[in-house]
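Next come two complexes built around subunit A: one with subunit B, the other with subunit C.
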Partner chain A sequence: MAGDLKKKSIFAKLGGQKFIVLLVVIVLFTFFSIASQDFRKYTTVLNIFDFSYYIVLMAIGVTFPLITGGVDLSIGTGLICYSLAGGYLVVHLGWPTGLGLLVSVLFGILIGFANGVLIAVMGLPPFLATLCTCMITRGLGSICSKGFGISWPTTGAPGSWFRSIFKMQIGGTKIPIGFIWILIIVAIMAFVLNHTKIGRYTIAIGSNKEAAVLSGINVKFYHIMAYVISGFFAGLASIAYAAVFPTVQPGTGAGFELEAIGGAIIGGVSATGGAGSIEGTLIGVFVICLLKTGLPFVGLQANWQQIITGLVLIAAVLVDIIKKRREAK
Partner chain B sequence: MRKKVLATLMTAAMAATLFAGCGDSAGTDTASAGGDTATATEGGSTEAAAGDYKFEIIVKSYQSSYWQAAVKGIEQEAEAKGVTVNCTGPNAESDIADQVNMLNNAINNAPNGIGLAACDQDACLDALQAALDAGIPVVCFDSGIPNAPAGSVVSTVATDNYSAGATAAENLYPALKDKIGNGQVRVGEVNQEATSESIINRGLGFIDKFAELAKADGYTVAVIGNEKYVNDSKAETVAEADADIVIEVAVPAQTTVELCATEASAIMNKSDTIGMFGSNQIAAEGILTANENLGVLGDKILAAGFDAGSVIKSAVSSGTMYGAVTQSPLVMGITTVDVLCDAASGKSVSDVPTDGYWYNADNMEDPEIAPNLYD
Partner chain C sequence: MGEVILTMNDIDKSFPGVHALDHVHFDVNRGEVHALMGENGAGKSTLMKVLTGIYTKDSGTIEFEGKEVEFHNAREAQDAGVVIVHQELNMVGHLTVAQNIFIGREFKKGFRIDDKKMNEEAAKLFKRLNIDIDPTATMSDLTVGKQQMCEIAKAISHEAKVIVFDEPSAALTESEIAELFKIIRDLREQQLGIVYISHRMDEIKVITDRVTVMRDGGYVGTLITKDCTKDDIINMMVGRVIYEEPKTKSLVPDDAPVVLKVEHLNAGKMVRDVSFELRKGEILGFSGLMGAGRTETARAIFGADPKESGDIYINGKKVEINSPEDAVKNGIGYLSEDRKRFGIVVQKTIAENSTLATLEKYMKGIFINKKKENEVTQKYVDSLATKTPSIDQLVVNLSGGNQQKVVIAKWLVRDSEILIFDEPTRGIDVGAKNEIYKLMNRLAAEGKSIIMISSEMTEILRMSDRIIVMCEGKVTGEIGIEEVSQEKIMNMATREIS
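The block that comes next holds the complex of A and B.
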């Protein structure tokens, strides 16, 4: 027993699963750099960052429902829907870019709130409730844009300032400043998760809902809040997506949520709820992003990339299960 | 309460009569005016033969402005001909099963004809047999279905995609010629998928033509990457190590811009890459997205695209993209409705090939080109 405790504390000192996952990120990066001379270029790093922002933001948000023991499948198609709605107002109705972006985020919060009410008040299983809103947002997105793809103002065009939120050009060099914002957001949300009522109660709901109810926590409210946070971050992710990619196409987005959820799970969020961290989620997402960006460089066909990502995810969940079994002993 | 319901019903009935009346008079008006626009749904046609035909048209998706232009053409011509057209399409071009479902529903509605832009050239075969059994003529547009049951597809209205792909190679090869011959060089091709006839043929048309032009100059070519394209290419190839030119074909797992961009950047990052080809709007935008960080296009690498849309158009006019091939989706939509009307009235119809045009910064404004460059 004492030995067990000691073992655990060394593991915990190193940051637990986070530490292992960080090692995986470093190993993957080193592997791709050795395997492909084209990979080890500054532009590749830029690409990895660019293509990671929207997944990281979704993942930070979805960490909250995951910790409650639920899930939010609506964030992927939601992201596209919010971006189409905001973009339609900007591109076709001439709204200022800032207002369009605000609409995207508010739309995200609204859908998140709807998810929360369906789950916490009406008692729908999270998987089912958010699967429904996933389908709804997929269709809504097409309706919002009248079924057409939306190209937010391209770099250099008037109203394209939001594209430089994530990437600044200083001299001839492009700086991925988006990553700085991500680090700040991670710090804030880590604080929210560990040191505020919203965060503490989210964890409480996930580890033992009945105990949470009995101890007088307004479980419904905090349960809804977890989904509102997820929706809010899907809204932020929609801005990141619009800033990096030239067009937003209706009908896409299904599957994005799996990369975000996968990242969170790899980063140590328990698949059954009750435990997880924002910084772990960040590192976990980078495993997914590195695989996505790196595997084409070593000449692997697209379908193999998905298989490998799936296998990595299985490994992460297995680590979680083994950890739980050890703790139970 | 009951009174209210009755009142509502009567109001509705009166409104309906009103609309029906409007429709009729509009129809007669137009007929007397001699062929002006008739109302799309209600009014009779200017040609007696067109009757009140009802057509079901299924596009590949509403994903890109390309399809927006095609639908515009369809609606325009339906209105002009005074026929009813119901346009549907799946959410994404990779939603093959959804589209087959829509096709089956369309057949159940027993229209006078079906227009179909198939996402997959094999998935629709059973449904086409059902349409044939039900006596509904099918007109394929944009993408043909080569293995369709005999008699089911009465006409195919499509760009000759193989030669349109070749057009891109014919224009890109001369511009790259100076860079070939001093050691191995690489030309990348991004295709959004390997299932639809149009994309496959464009991709193959580019590869085969590029290889043919290279061979004429005495260079050897290797084709690597996606098996479908490597195996189906008719190009004369040598082993990768011995080739002067390596044509590398990438296909992402899903038809989205960011996955096309990931594939494109992997090729564009290679130091020996001199050319790129993206075989539709999404693939071409993927190449442009990858270039946002790499900044290699127009200088180290020359890229050819396909289709238009505001992003590609501005890249071509600024010189970031060397040029692109465009089709005329508007004309394709119009022609599809025309052929459907002919087929429904029992006239014999045949395939209608439409053209692909090369455009670059110099000829974008030309009157033959500009109308095809949809946003």
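The block that comes next holds the complex of A and C.
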């Protein structure tokens, strides 16, 4: 029987790309800690966590469309749009905070569903469909807030309870409690991807859609679901964004999706679909977050961050391609 | 042989411009293996697609277990117990064997998919079929043969009552075929009705009880296998179409010069140390199983895939071919097996396609000289007898055979001396096939040299002056048309596989 199987490399046994990327995270963290005294501070670590939540949430969501072989470009401008819409209801119309947050999430699900229908039912290429909804959500966001920035209730103000979902103050120290939620969500979504129909059919669609259709799977439904999940998580990300930043500005958000997609791909989601993991995505996003926070400490400013992030992404995709070529031989 | 389990009566189906099924009759008994035979395009696959609901029939009835049925999709047919084992394997490479077998009807514990139970059930299934496959292995890690076994196991796990095998042996080695036959006999023993589609005459004699022959979408007749000869079946299959006489000896003069010489060519796993010579005016057939490395060899010669090592000589002179551009400059034309993907631009006109590889000849400054382009296109439309209302017709509107002629024209316009035909008649109907054969013979007679890759044994035997057999990326045999036989080729084609 062993003869039927190609021998698995040591690389694959260690969990493949995930393992290497985890090493990269550790190396980056160690490097920045040694290189900069300021980086070693607790507040920096807090910052890294604070600024990671919304990207991680987007990335977890977008992992599903990516595994189907598609993409979701609408999550970045989407999250700003959802946050503005919910925030407007809370700040200007006096809705309870909880209801405003719920509207943000529902808005995300709605746009995700629209993406899914455009792609799975109408047959638009994912890149194009979500590029359109990206532009639409950008405009919608400005309309929702009448063109002004929205400041969700600040810490201490009434209705600001949602800010402590992610950062709790116990005594004098702030605890990045949001990361615990992230870990729980990662565990849940990893279960969904690996042990439920939604996850399995997401993989099947990305790996061999024809086979999925011929197996009698309702491919359209599960294809739509992948984008609904992505939209839902963009909605959750909008909460995380509102909780961390004092003000949400209309017209921003373009480019956030690239950090999320980049993180997922660094974390081992195949650029051509069919393979990927939620844990990998989490680790991949932290590479991007560490670069983003760490590089300024060693004197490299925003432009350099983007160049270096781009190069890391190329490296990650090349690893995927080389791996496939080896397998083909 | 038991009672009738499935009857298809008077089935009619038309597509725009094609009468695909013309009042066809077909039935299967319990405990019977019934062969469905016919040339490419005879309508076998269409009939089976009508059976399983992938196509809707225009008229006719299907009776299954005594009741009239109409399936609307593959799922409904499966649930009733009618299952196809497809020629192209329909497996999800990223999932495990067990996950593939139970896809679409996973065992569940609440929300959770019960992989453990699926693995156990798959193991039981394999044990029942006497197949040795690990249910937890990833599908893409298995050999093609093993994947096919999984596909069969999947079909059987649906509690199938009728199983359709669509050319199951095309990718299998001899020992795997033997294994497959054992399974099919077991299934017959269990009173299943089995439909067996194949081109291989020998297999039909070994494994089937009855043979139904189709031709040009019509029903020709049904024979009891043991009472008929191979020739009876062939006559029924070919019918009125009179093919070019098969060659009995090579038409290449003994002193014809070598135009292409390939030495020790290596490219990836599928091309290993390939050497051969092609002579002027020769049709050199490349035979072998699916995945033997023939297309890969052609692509490496043509510069479409990178070479690791090896030399190519054209007219005795060593040439460097590192891209299709180099190959075209050296007079090589490649007619891909997948015309729509690689051969033609379907949304363009015949004229635009014909000059695609030679556009620089038809330029006036930076503009295309439409008049000159039209002249040369018309010339080849006439000489190849391409059937089209005008040379401004979009290629997508032509039939398969005429599309192939446009591709041929493209390379003739380029003055290619060496033409590589990869599965030249795939997807081309019976009548047009003969025209392509005539054309190839004419080109060879005019001094063009042709490499013909074909998976159809009859085509290889009918057309080649000489035959090269490949297996697992290596050349395993070379044989002249005078001494060739189907058995010899099959023997060579499976030589490397233990």
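Throughout what follows, the second predicted complex is superposed on the first by the 321 of 329 C-alpha atoms of A that agree within 3 Å, B and C clash if a C-alpha of one lies under 4 Å from a C-alpha of the other, contacts with A are read in each partner's own complex, and residues count from 1 in each chain.
Criterion: a residue touches a chain if its C-beta (ideal position, glycine included) is under 8 Å from a C-beta of that chain, and two chains touch if they have at least 3 such contacts.
All values reported here derive from a predicted model rather than from experimental measurement.
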item	value
Partner chain in contact with A:Ser83 - subunit B first, subunit C second, else both or neither	neither
Touched partner set for A:Ala275, first subunit B, second subunit C, both or neither	second
Which superposed partner A:Thr68 touches (first subunit B, second subunit C, both, neither)	neither
Between subunit B and subunit C, more extensive residue contact with subunit A	B
Subunit B versus subunit C as contact partner of A:Thr133, first or second or both or neither	neither
Which of subunit B and subunit C A:Gly216 touches, first, second, both or neither	second
Subunit B versus subunit C as contact partner of A:Gln17, first or second or both or neither	neither
Touching partner for A:Thr97 - first (subunit B), second (subunit C), both, neither	neither
Touched partner set for A:Ser230, first subunit B, second subunit C, both or neither	neither
Contacts of A:Ile203 with subunit B and subunit C, given as first, second, both or neither	second
Shared subunit A surface residues [contacts with subunit B and with subunit C]	none
Residue numbers on subunit B that touch subunit A, as the complex places them	61-65, 68, 90-92, 95, 225-227, 250-259, 261-263, 265-266, 269-271, 282, 285, 288-290, 292-295, 309-311, 314
Residue ranges of subunit C in contact with subunit A within the complex	73-75, 78, 86, 90-95, 99, 103-106, 108, 111-113, 115, 132-134, 137, 140-143, 146, 268-269
Of all residues in subunit A, those that touch subunit B in their complex	37-39, 41, 43-44, 46-47, 50-51, 138-139, 142, 147-149, 151, 154-155, 174, 244-247, 249-252, 255, 292-293, 296-297, 301-303, 305-306
Parts of subunit A lying in touch with subunit C, wherever the complex brings them together	1, 4-6, 191, 195-197, 200, 203-204, 206-208, 210-212, 214-217, 274-275, 327-329
